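What follows is a structure written as structure tokens; I'll ask about it next.
Here the chain labels run A, B and C in written order, and each chain numbers its own residues starting at 1.
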Amino acid sequence: MKNVLFVAVVVLLLGAGAYAALFIAPTDAKQGLIYRILFLHVASAWTGLTAFFISFIANVLYVWRRQPKWDWLGVSAAETGLVFTTVVLVTGPIWAHPVWGIWWTWDARLTSTFVLWLLYVSYLLLRTLIEEPDRRALLSALFGIFAFVDVPLVFGSIRWWRTQHPQPIIMGEPGSGLDPLMYKVLFFMWFAMLALMTLLLRQRYLLEAMRGDVETMRRQWEVA
Amino acid sequence: MSLLANTTILLGKELRTEFRSRELLTTTIVFILIVLVLFSFTFDPLSEEARRFGSGLLWLAFLFAASLMLQPCFLREQTNDTLSALRLSVSDPFAIFLAKLAANTLFLLLTELLLLPVFAMMYNVPVLPVLHWLVLIFFLGSLGISVVGTALSAISAQARMRELLLPLLLLPLLTPILVASTEVTGALLDRAPYVQWKGMGFLAVFDLVFLTTLWLFGEYLLEE
Amino acid sequence: MTLGAVGPTAIRFENIDKRYGGLYALRSVSLTIAAAECVALAGRNGSGKTTLLRIAARLVRPSSGKLSFSSAEGAENIVARNAGFVAHATMVYDELTAEENLLLFARLQGIAQPGKRVEAMLREVGLFERRDSLVRTFSRGMRQRVAIARALLNSPGALLLDEPATGLDPQGTAWLAQTLRRMRDAGCTILMSLHGESEISSLATRAIRLDAGAIVADTQTGASVRSILALADA
């Protein structure tokens, strides 16, 4: 019952966010309708980073405490973050094409997001290549820590690179600013996305917990 | 036994082992040569483009070579379980990492400097006037590659498909090194060479951040 | 062959648990090995012998429980590196010579006058003439001698051996038995895992059998060493 309620809340929030993005936010003078994808694009980016941050904390906690639940949280948050990051990478070109005429502009933030995506795909790939659960949990947690520490360095270096090699920037210059109402819509959309993230995280976590239990039972049966 | 003393002793062992067989050095040098030659077919190596693309290709070659060269790092400690012997003998496990990353940095630096004149010749780029700066940037970049590479090699040695896994884990993490090193090297090889201090500083920060992370979490990488 | 400053070392396992993802390799193992005791550890593969030894060597951390070492007088918390460890793997570098290997480990452990100590060890194990040969060129028996020399470098008060006679020919086994006897008689505590009876097992003054991570038999409680070892290691 609680689960259904939560899903309903999330759907409502997302619906409200979509409505706000499409009808409440003011029209952009230059770009017309397509700019509205910004609310999905930027909110997803922030949500993805939030998920990866949760994964990082879970990784540190696992290395320190060695409780399986932190491992479950770590992988769930990483996968969830990857979903939102994929949305960012897909909405980027969708926005860029009508505006710039090209699909991929090598915009600094988008490129950094691509590297971020690759990092966490590697994290998941690493997990598939280690069979023993405790080893897998420890080694992927350690890699996750290195990966997250790298994130600000990736974004920083690519942003600096862009100052040397100017590219078309998706979503406008950081300084160009958004109308205050746009900010409100954006933050609301982010809030809705965080609710979605929590839902996905929780489902994935429960699935992983179940998998862990089944695996333990299977191994005990094998030994007997 | 102090950390420094243990590190020095182990570094001596790493160097002695490598200089006796020279397998890592020779294979790495040949690999970079192959990459440089192959790259020459993708654009006109004597044109003005060479100056612009050259530094990027050079660092790309270094990164690929490093991701291969770093694989045996911990794998060779598995053959006779010498890693256990080291863990039993040293007072601080960080000494094992320090020695290996120092050795790897040295090997990388050596191959890079040996190949610099070849690169200069093939792509018609003047390196003598900025040689000391090039050595500095090679050192900072190689140190970063080694710190991260040594840590990840400890992880990949414990997983399946380790030959493919290390480049997969390593290359996205080293994006900041590629970006910053290419910029700095490009500036040094420009028609009007200049020193990109921001880039150098950035690399120093990268090196410090990951050295600290390795110091904090290294012992868990060696756990059984 | 003398023991170090610490002398014979007692080993105490208190409620040692080792879990690997929900499976117990060791289950609440409590065991005290007195100083200078020579204990044989029996049990089939997967019973937890290797795990117990590697925990004693401090290569593996127990999931719970306490491990402690003490000298004959009862001084606790002495450096655990005082226990020498010999496994099936030689734990020495193939691409270095016997002397280089021993010098490396002697220096790492901060042994005083490493050169002299290494020379003494090489003579002790009968490899002084082959000290400049790469370990790669050694036979299995000779590699085992280098491994023992490495384990005894810092004159440990306790010696841990995991199936040390594996792969040794009768000559090698005889040499090992002889060496272990000398260590035992000098007062070194020995804990070794074995399969069945042999020249080596006859050195033991006590035997313990592990099964599925728990102690199921111990000579201290009455059974004889022979009977424990004779149980089929199916």
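General remarks:
Throughout what follows, contacts are C-beta pairs under 8 Å (C-beta built on N, C-alpha and C of every residue); 3 or more make two chains touch, one makes a residue touch a chain.
Every value quoted in this text rests on a predicted model; they were computed, and no experiment measured them.
Here B is the chain whose Cα centre lies closest to the centre of all protein Cα atoms. The largest tally of C-beta contacts between two chains is found for A-B.
When chain centres are defined as mean Cα coordinates, C lies farthest from chain A. Computed from the mean C-alpha positions, the centre of chain A lies at a distance of 51 Å from the centre of chain C.
With centres set at the average Cα position, the gap from chain A to chain B is 31 Å. Computed centre separation for the pair chain B/chain C is 39 angstrom, with centres defined by C-alpha atoms. Shown for chain B are the residues in touch with two or more other chains, namely 223.
Contact of a single residue of chain A with at least two other chains is seen at no position. In the complex of the two chains, the chain A residues touching chain C come out as 132-134, 215-216, 219-220, 223. On the chain A side of its complex with chain B, the touching residues are 63, 115, 118-119, 122, 125-126, 129-131, 135, 138-139, 142-143, 145-147, 149-150, 153-154, 156-158, 160-161, 164. Residues 148, 151-152, 155, 158-161, 165, 168-169, 172-173, 175-176, 179-180, 183, 198-199, 202, 205-206, 209-210, 213, 217, 220-221, 223 of chain B are the ones that touch chain A when the two sit in their complex. Residues 1, 5-6, 9-10, 13, 16-17, 20-21, 79-82, 84-90, 223-224 of chain B touch chain C in their complex. If you check the complex, the residues on chain C that touch chain A are 19-23, 46.
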